[in-house]
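Right after this note come the structures.
Same chain, two partners: subunit A is paired with subunit B first, then with subunit C.
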Partner chain A sequence: MILVNYLASAALLCTGLYVLLTRRNLIKIVMGLSLMEASTYLFMVSLAYRAGSTAPVLAGPPAGKTARQLAHGNVADPVLQNFCLTAIVIGVAVTAVFLSVTVRIAQHYRTLDADRVRAMRG
Partner chain B sequence: MTGPLLASLLPLPVALPIAGAVAAPLLARLHRQLAIIAGVVTLCGAAAILLLEAPSVFGGLVRAHYLGLWTPVHGRALGIAFAADPFGLIFALTAAVIGAVLLMYTLSELGGLGPRELGGYACLFQLVIAALIGAALTADLINLFVWFEVAALASYGLTAFFLERPIALEATFKILALTTLASFAVFLGAGLLYAANGALNYGQLHDALARHVTTPDLIALGLLVAGFATKAGLVPFHGWLADVHTATSGPVSALFSGLMYNFGIVAIGRLALQVFGLGGGAPILGLLLTVGIISALLGAIMALAQDDLKRLLAYDTISQMGILAIGLGTGTAAGTAGAVYHLVNHALFKSLLFLCAGAILHRTGLTKLPEMGGLARRMPVVAAAFVIGAASIAGIPPLNGYVSLSLIHTGLLDGHQYLPYALMLAAQVITIAALGKAAWLAFFRRRAGDYPQLEPLRPGMVAGLAGLSACCVAFGVLPQFFLGSVMAPAAASLLNPARYASGVLTGLARLPALHLAFDYVSPGELLSVVACAAAGAAAAWAYLRAREPAPVRLLRAAHTGSVNDYAAYAVAGMLAVIAVLTLAR
Partner chain C sequence: MTRPSIDDGRALARAAEREATERQPPHRPLIGALLVAGMAVALGVAMAGIPREHAPLPLIARYALEIAIPRWKFTEPVNEIVYGTRGFDTFGETFLLLAAVVSVVVITRPREKRRGYFGESAAGAREQRQDDPDVGYDATEQEARSAELREQDERASSGGEPAETPDATPLGTPAPETAEAMTVVVRTAIRVTLPILAVAGLYLVAWGYSPGGGFPGGAVILGVLLLVYAGYGRRRISKVIRPELIETLELAGAGLIIMTEFLGLVLKGSFSANWLPLAQELTPLSGGVAQLFSGSELIEVGTGLTIAVFALLGMTHDWARDEGGNGAGEERER
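Let's look at the complex of A and B:
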């Protein structure tokens, strides 16, 4: 049932948010944000779901069906799945930048504690 | 030129800087400075194409081009639409022209860097500008998200670019965490809006939302507004902003503050006013007004409390973004036109001020105001430019800030918003105090010793400062021209969402003409300017003598510098925005 997807997505979002707001370890903050990101993908794919639908592939329709029937029938929403692909690509890039900055911080400050990397305040 | 040809040129101003960005690292291998020079050329090319569009678009046309020629059928758009309306075009033009000026300035200030550095710098810089122009021209929600991410990724690179100051790493982590959080909000908002309405094209979304606005739509609007408010640095989404400016060099700060944060305001204007048709029954204008006033006041107070010049200017940016939100939140013709006017003005004077701060940093190696002093005699050009920029923000005639602030005041008074008007004047007084304090401490105070190092300005830097100063004056002395030919059409586009929607869906629409008069010698305005300036000077004097007041100390203590706390403020703000929009219909 699709409700499970939404619940799982909400649980992932809350876990990630909890980590982001309470953990001071920079790696854990990055992991928290990655969890939140995963929850948005799950949410989008779930929004695209239609009960009993087929994949929105019009080439090579199954036996007894034409492409036109498929297009007018019950298919999952490809646009939202497309968003996910776009966001996954962007997410990989962002995580890479995140981790490289974290490595540089670790090299320079010799710590991963966000509380000790806050020279600028006020 | 014919209309279809002009429309088909629309993707070029984005494609040119992207091509320049890809080529930049390679060009830098041929010759060190070639990458930057090529960047100036691509940005000038983008500006030239946008200028070709200008006469008809500022004449009141909305013109759209559909990428891949996927034209809408029966009012349903599948492909991405690029549309030039006066509001988007003026922002795109500002981004291209000021971007070229900033790159030229960079060539002069940082031209001694190695080929790898200059190539990477030119690449990231052009990517930011391409994203801003793309965001200004696009009429597709998910495309807007993509430009948001392009600008964000390039800005991370630029923030961490000058690692000789290790605080740049700390700042990069903060901008990364907060902007990533914002990108989730924008992504979820766009997806929800699509799932609820089956459309991504602004025009199609507008038509669907004009029929009925449901709760998921409003949640989506809340997420989008919160996400773009993070990009704009509005309170309480602003935690990262001041740190970024403390760490970066002058031209990068000028690019971020002058141009990139405006992206957030432009996107909010598009979504709240044009797509949702002034809110569709939800109190979006009141929300913008409230957030704007809080940002204007808090930014100004925090600016007054700083003793780092760039940090002071960064908090003032938050305050100016608040003023822009107030202007959009008035919902009146004068206020909206004032907001668009102020958008351009802010790009001019804040770039100018950050270039001044960067020039001081690079000439003397100092960032703290108490260590400076007497620079008016030693760096007269920088001092003159700084005073022009500061007086523009202060709204002193005949400079550009006077015109835009007066228009926003008129808009507030037209809508009988007397309390916001009073609070905006209070923010103005504190802003004048903060900038007055900075100008006094850095330039006009006597300084006992001489500076250990003091390099002269290079010609390109002087040209950049002079050009931006001249624009500040021009936008101040020719208000009727800019108001009538640029800002009034832009306000007409924001306030007539149905016409914009039809232009985006059919490829061509004419906006109704909007006539706005500006009274340069209105006694009330002049009186309020004099009163504000006097009160601001008194406040600066009092602040420099007295101990820090308790409320200011509390506010500073709330800016803990911890990324967890800043994320918590942003999440709380996001929830509050969604709650207000969904519950108070």
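Let's look at the complex of A and C:
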């Protein structure tokens, strides 16, 4: 039942969103964002899954099969695996941006509490 | 040289203690819970209707699987999609990554040594006289600047030969890096795994077997550098991780990607088309332009992630004296 995976990723996303909306600590907010990111990885990999399928690799087909048969056979979806790969790299870079902003805020305001960072408040 | 005063230390300690002990109640938990519940319902409804494990593959996936070998001589359809069918998207993602790296560099970089004559003082002299005749730093700024310089000097001076034994370290020098405390076991383990990891990463990229080629390859390069950092400290890799070097490499990678994709437009009439001869399957040159793209991506992702992570690790202190009493955010407003 791949639906369980889908629901788990939805739960992960909702957990991240709740953290994002209700926490005041900037590090926790970044962690919430990372949770939401991770939920999309789980979702995309689960969406790529097919029952009884093989990995989308055409090298070294099993005896009695050709690579062409493999390409037409039951394999997992390579497009979604590709989305997942690029999403991970972009996710790391974006987290680095958030964390560097957080460090600068902590240095400037001497606090990680988003409620105390009020220079932008009118 | 002045050291940060005791008052500053006390204010910082107070701020740190408050951060550690003060309860930070959740911000509007009820509204948050309501919004999240709404999101959960929307996601649940959406997920009930999407394809499950018995659905046929989407046409684009089947197409990519079918053309991987005939058109690209690639036995790895994921790579074929990343650098072939969806090459243009990957091209865009690369520059999204570059934008993120540039942001990190802009946010984290300490002041650099002056490398040329700009003449900004002469050019702005009239405005300076008009708006702010009291040129020069006040005592506070002087203090912060000298502290920052001292920190940079300590970093620079620690780049020299380390002392023979811990006993030979002169008194009054900065404390050893945390990595110096690593045991022989950890260091030997790192020494053994490093070459294996590096070669495995490069092999997977070169032979096009690994899904994503340059992307995971670049992450492996970052892993190798982080292992050196963890086991041997910043000093040992400071010769390799120099901004001049890795930033040049990063932009060279970006230039190579632009050239690879653009030559497709010039030579074959479409952006990201293959303009290289294809070699036999399961050889390094089998993917044509896709392998070149993958290799450039290895440089781009490897150096990009390295810049971002090491910029974060190397962020220096903010030596400016706290204004107001307890160092809380509100008191620093102007």
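By our rule, the second predicted complex is superposed on the first by the 120 of 122 C-alpha atoms of A that agree within 3 Å, B and C clash if a C-alpha of one lies under 4 Å from a C-alpha of the other, contacts with A are read in each partner's own complex, and residues count from 1 in each chain.
Just so we're on the same page, a contact is a pair of C-beta atoms (placed from the backbone, for glycine too) under 8 Å apart; a residue touches a chain by one contact, two chains touch by 3 or more.
Nothing here was measured: the structure is a model prediction, and the numbers come from that model.
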Specify the outcome, clash or fit, for subunit B and subunit C once both structures are aligned onto subunit A. clash
Tell me the contact category for A:Arg24 with respect to subunit B and subunit C: first, second, both or neither. both
Could you look at A:Met36 and tell me whether it touches subunit B, subunit C, both or neither (first, second, both, neither)? first
Taking the superposition on A as described, I'd like to know which of subunit B and subunit C A:Thr86 touches: first, second, both or neither. both
Is A:Leu7 in contact with subunit B, with subunit C, with both, or with neither (first, second, both, neither)? second
After the superposition on A, what does A:Val94 contact: first (subunit B), second (subunit C), both or neither? both
Count the residues of subunit A touched by subunit B and by subunit C, then name the partner with the higher count. C
Answer with first, second, both or neither: which of subunit B and subunit C does A:Ala67 touch in the superposed model? second
Considering only touches as defined above, state whether A:His108 meets subunit B (first), subunit C (second), both or neither. both
Looking at A:Arg50 after the superposition, I want to know if it touches subunit B, subunit C, both of them or none. Which is it: first, second, both, neither? second
Among 55-63, 91-99, 145-153 or 163-171 on subunit B, the segment whose C-alpha atoms clash with subunit C after superposition: 145-153
Is there a shared patch on subunit A that both subunit B and subunit C touch, and which residues make it up? 17, 21-24, 47, 77, 79-80, 86, 90, 93-94, 97, 101, 104, 108-109, 114-115, 117-119
Residue positions on subunit B within touch of subunit A in the complex are 142, 146, 149, 152-153, 156-157, 160, 163, 166-167, 169-173, 176-177, 180-181, 183-184, 187-188, 190-192, 194-195, 200, 242-243, 246-247, 305, 311, 556-557, 559-564, 567-568, 571
Applying the document's contact rule, which stretches of subunit A touch subunit B when the two form their complex? 17, 20-24, 26, 29, 33, 36-37, 40, 43-44, 47, 77, 79-80, 83, 86-87, 90, 93-94, 97-98, 101-102, 104-105, 108-109, 114-115, 117-122
Could you pull out which subunit C residues touch subunit A in their complex? 12, 15, 19, 24-29, 31-33, 35-36, 39-40, 43-44, 47-48, 50-55, 57-58, 60-62, 64-66, 68-69, 75-78, 80-82, 86, 89-90, 93, 96-97, 100-101, 103-104, 107-108, 209, 211-212, 215-216, 218-219, 281-282, 301, 304-305, 308-309, 311-312, 315, 317-318, 322, 327-330, 332-333
Touching subunit C in the complex, subunit A uses residues 2-3, 6-7, 10-11, 13-14, 17-18, 21-25, 47, 49-51, 56-59, 67-68, 71-72, 75, 77-82, 85-86, 88-90, 92-94, 96-97, 99-101, 103-104, 107-119
